[in-house]
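The same subunit A turns up in both complexes below, where it pairs with subunit B and then with subunit C.
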Partner chain A sequence: MILRRTIIRHGQRIANSPTKSWTRSLATEVDIDTLPSSTDSIAASLENSLRETKSLESEVEKETVQYVPHIDNRSHAAQNLLEDGTAERYSHHRFNQARTKSLGTSIDPNHYQPHKLLTYPPYPSDITLELLLASQAHLGHKTSHWNPMNSRYIFGIRQGIHIISLEQTAAHLRRACRVVSGVAERGGLILFVGTRAGQDRCVVKAAQMAGGCHLFERWTPGSITNGHQILGQCRTKVVDELDREIQGFDEELRERQVLKPDLVVCLNPMENWVMLHECGLNTIPTIGVIDTNANPTWVTYPIPANDDSLRCVQVIAGVLGRAGQEGQARRKEMAKIGVITYTPDTLRTDLSVSTQGARTGGSAEDIKGSDSGGGHT
Partner chain B sequence: MRGSQNRSFTSTNSSRAIAAPPIDLTQDPPSNPQNARVIPASPSYFTGRPDSTDNYLDLLALLRRYQTLPTVAPAQAPRVAWRTVTQYRLLVGEPVRASKYHKVIEVLQRLNRIHPAVMPSPLKQAMEIYKRDIDPYAVSKRPNIIDADGRAYGVGRRKSSSAKVYLVQGEGEVLVNGKSINNAFGRIHDRESALWALKATGRMDKYNVWALVSGGGSTGQAEAITLGAAKALMVFEPALKPALRRGQFSSEFQSQ
Partner chain C sequence: MILSPLSRQQTALRICRPLIRTQDLYNPKTQRRRIHKLPQLGHAGAFQRDGIPGMLSPEGYDMAWNQYQGHLVDRLNRLTAGTPLENSTTHDLILAHARQPNAASLFNHASMAWSNHQFFSTLSPDPPKMSPHLTSKINDSFSSPESLKQTFIATANAMFGPGFVWLVRHKYRNDYLMENEFSILTTYIAGSPLPGAHYRRQEQDHNTMMAAGSFGSASLFPGKESKIAYGGADIDILLGVNTWQHVWLMDHGVGGKKSFLEGWWKAIDWDVVESNWHSTTGKERNAENRRSYPLGRVGDVGRRRQTPAEGVY
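Up next, the complex of A and B:
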């Protein structure tokens, strides 16, 4: 391909024009005057072109002013595009699609659609052996690649690979869901990590549902053990029991220690040993998808499943995200009735004066606490 | 009856509304700072680059949302000057990797190809942040002129050598890095290559050459001077272009 490109680029030139003499490229001491005719041909062509430019016609043309209309690329092209009828055609297309969508065969609406795992993930109550089997969660690695610590999770061998027991998978996954929802209920920070290609969307969605954080690119070593250096510039905020931001803590937050997660969910522990080790050093519990070749002692709550199947990983991430969502909902319900499920952070800045002055008119407390009557709390 | 039309028989004080406004029970109680907790401002906190990561995720979400809209060919899409990596780093204040930012540019170029007639306005607003504050259609080449000292300047590059060549009207003296051409190039081939532009057009005795060249080896440096001198000669005599093209001074003189 390189040769073809070179020939295309230079072929025309090589074919049409005279080449420099091969003797010149070999000789180090060559008499300049006896050089072959390449210089002469160039000089000759130069004379020709000069002669042409001095001809009468060229003189005449030079005198007359030639007006070339200036084409404004921007408006010219843009106007053509706006008037080519695409908007009308597209609206017709949308209309026809809406009209004909319901025609044709009625397929079962619950059939597998890959995007549904990301947009509408399954709930912990949807964990069934059928779902896990369909998501290829039972497929382990070649028997020679196993980690014998996983023998308790293996159902058997088929076609040279270990088959993970889906009952074990379901049980461990349900336990992990309880852990995630419990941590979320108690206002804990959950970090979802999935650094393989294609795991970014499910990790982001799970973090969004559980009110936690996501990480889908390489874990920077030292983010927990050397957090001040690596995460020191990342902003934090102060929120109350209903997740509303409280202003006025900017200075204190800048001096405050960097945050650490309270629970880490790792979808590919084989590639994230450093992160799991840091979590272990800082007593941060971890949940991980453990394949037959992985070490189950790297994580606190292993989920024996196939970490190489994107569908399986998306099911697990989706289910854990939903569990976190349920935990968050329970926490907010309790906060509404005044039960605080977490230990509040001790903050130095005293905002008690400003909150008393910030009462909005018309609230129940306003009437209760007013001194315009004999009412007292 | 005499008097104003709006006369009423009650006093103005008693017609004024005095009842308190109705209770708003839908409003949440005010924030209690004793229940405060510190959480990350962004879900991308543990990436170390939260703002740029969030920006990229927002762009991907926009792409997913609008990916079925009709597109135009890249040549027909409006010309846009996107921010450079350095400018984007200044904007977000994070050490963004150049390879990551190129991915952002790829997504932006795909979004820019959406047909202008159906381009949604929230998308247009989202893309504005990534555009440079210049007119991409107003590119103009810097004119290469003879300066006040009568010098023309040309740059040539060949094989990791680069040469800056100044040409003035003169007698035919040549200095390369302050040395005469015989001292600069031991090989006659290289000396000829360096001054090929002047030799081919018969102007060896008409111009003085001052060349500053660095990098590479002798052949690369000589060929770099070739191109630089040819460009500088073009400034003095633009009519020599066809002849120089026939002299095969690389692809610079091949096009148009």
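Up next, the complex of A and C:
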């Protein structure tokens, strides 16, 4: 196989460049006066080289199966090369794989595969006590490290650690899902924060699904309280109800305040207490995974669960991301029929006057602003 | 005597001691979840009652399938339980361990389980005849179905020792050289016909065929080895027969291999064989386009399901 490939490669090279470079190089060297006799010999050698390449080509063709495109008799057009049987072979391969994989023993296909939590996150309807138990959501910290405010979430003690009641976890998680989907439905900006090692993928995935923002590196203190300084260089845009960007607001956006999130989901509140404090100062609701040693008053909607288990965090982030996805889908469906689920922002710029590709019809109609003060809580 | 009723009571108490010790009831070693289970055959009920006419009696079927396949399933569970491989399918175990001599036991049991299941999946109590399409394809390679039968049975008979004999279809063949579409493949002992496990195909008896001087560049016929790259998915496995003695010994006796093979030929379900081939006739191609083949996505927690949520982990 490898040998054949090199022959094809070299054969193509030889076949593609038989005469051009040769004659060009000769033309620079050959004297014009001596041309007639030289041309005879040149012609002869050209013929020889062509004969050689032709024989090489025929050798190459013998080894491989050439796919000549079929020509349709009626239209005299060459068929697409993709119709050479590749699609059929691929579908045959998939059929064969599905058949042979199921032979031998009968095995449960629902077993846990770590990557599936990131590629196919669970839905809010998939929240069961079995899922939470298997994800180690019930494992709290040493009893001496507890925060007594969490006593209502604790089921008991086993082997020196507190066990979180999974019924509480499930109920709080479902409530958080409802909050996330509600905010997304009303066009709110959700920020997913998870700064521990390994939490980046699930945070990004959740933000993608919910149409929000993600943060997996350190939160810069003052990003909300001192947003003008820290996030002042970030680009903002004005979109309509169908999330299409509207041009012509650059000047006005430069004067406006920096964006603040409408909801913050924090997967490790113990490390991000500064961010949660800033959210509190700016009346931004927060959702947080509260372990037995965390302070539940730091967040608006606590989810009592194990924040040290990556699997548990991925399940929670996945489920909240799916809830955001559902909310976004509902909002877009409503927008398609003309129902706007939020109070649009009022902006100064009058687009009917501007000349560059602007939407006609008033400045303050159907424009979704980029400020959180538009009643998005 | 006054004492004797008491002693009788004590002996009665001793007899009534429970057979299972309480410490074993909660011992994780005895309470292990079985991940591999015995697969369900389509005609299991009929086979259980009447056996396979001409080929196996109900007891013979029980030995060859229920007991032997159950034994393989049990051994696979023991070999993989508690390891990261415990959720792998048999097919994946075969491909992963074909080149690992240290995992020979795991490969052997997985390969036997796969091959035995493939063998039983092509049997039927009331088998249909070969379809015209398949007959014409067989005629191209073997000149007639009768000739195929003779070749098949002769090959299986000639194999000394346990193994499997397969009917395979070559996907990538050189039409210029007029290579056959179908051919017969033998795998000795626990060799696997799967393309990815070619390292352990074991298609020849080394004592007779692969002796020194019979292969390599200095042999009598050099260059006979396949030029297809290793690992290439070059064959479809359509049909196979298990020639291990435990399958036919009970019903056909020590010298009854040939009569077993003759009986087996009559029990082959040719529709299943054709569906294994994934025939691309017009009707079937349309049917295939309507089907969807999931690739490892069955039972995902996050996938939208029509049925109620199954166990999620």
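Operating definition for what follows: the second predicted complex is superposed on the first by the 244 of 377 C-alpha atoms of A that agree within 3 Å, B and C clash if a C-alpha of one lies under 4 Å from a C-alpha of the other, contacts with A are read in each partner's own complex, and residues count from 1 in each chain.
Rule of thumb we're sticking to: a contact is a pair of C-beta atoms (placed from the backbone, for glycine too) under 8 Å apart; a residue touches a chain by one contact, two chains touch by 3 or more.
Since the model is a prediction, treat every value here as computed from it, not as a measurement.
Trainee: Of the two partner chains, subunit B (first) and subunit C (second), which one does A:42 touch, if any: first, second, both, or neither?
Mentor: first
Trainee: For A:180, is the partner it touches subunit B (first), subunit C (second), both, or none of the two (neither)?
Mentor: After superposing on A, A:180 lies clear of both subunit B and subunit C.
Trainee: For subunit A, which side has the bigger count of touched residues, subunit B or subunit C?
Mentor: Subunit A has more residues touched by B than by the other partner.
Trainee: Looking at the overlay, does A:237 come into contact with subunit B only (first), subunit C only (second), both, or neither?
Mentor: In the superposition, A:237 touches subunit B alone.
Trainee: May I ask you to decide whether A:220 touches subunit B, subunit C, both, or neither, giving the answer as first, second, both or neither?
Mentor: Touch partner of A:220: subunit B, not subunit C.
Trainee: Scan A:347 for contacts with subunit B and subunit C and give back first, second, both or neither.
Mentor: first
Trainee: May I ask you to decide whether A:317 touches subunit B, subunit C, both, or neither, giving the answer as first, second, both or neither?
Mentor: neither
Trainee: So, does A:87 touch the first partner subunit B, the second partner subunit C, both, or neither?
Mentor: first
Trainee: Going by the contact definition given at the top, which residues of subunit A touch subunit B in one complex and subunit C in the other?
Mentor: Subunit A residues touching both partners: 89.
Trainee: Taking the touch rule as given, give the residues of subunit C at its contact with subunit A in the complex, in rising order.
Mentor: Touching subunit A: residues 35-40, 72-73, 76, 87, 89-92, 94, 110, 113-114, 117-118, 121, 171, 174-176, 194, 227-229, 233, 236-237, 276, 278, 280, 285, 288-289, 293-295, 297-304, 309-313 of subunit C.
Trainee: Which residues of subunit A touch subunit C once you look at their complex with the stated criterion?
Mentor: 1, 65, 88-89, 91-113, 116-117, 119-123, 125-126, 128, 130-131, 134, 318, 322
Trainee: Which of the residues in subunit A come into contact with subunit B in the complex?
Mentor: 9, 13, 17, 24-25, 27-30, 32, 39, 41-43, 45-46, 49-50, 53, 72-74, 77-78, 81-82, 84, 86-87, 89-90, 187, 189, 191, 204, 207-208, 212-215, 217, 219-220, 223, 230-231, 233-242, 244, 246, 249, 253, 256, 259, 261, 336, 340, 342, 344-345, 347, 350-352, 355, 358-365, 367
Trainee: Residues of subunit B touching subunit A in their complex?
Mentor: Those in contact with subunit A are residues 20-25, 27-48, 50, 53, 57, 69-70, 72, 76, 78-79, 93-94, 115-118, 137, 187-189, 192, 199-202, 239-240, 242-243, 246-248, 251, 254.
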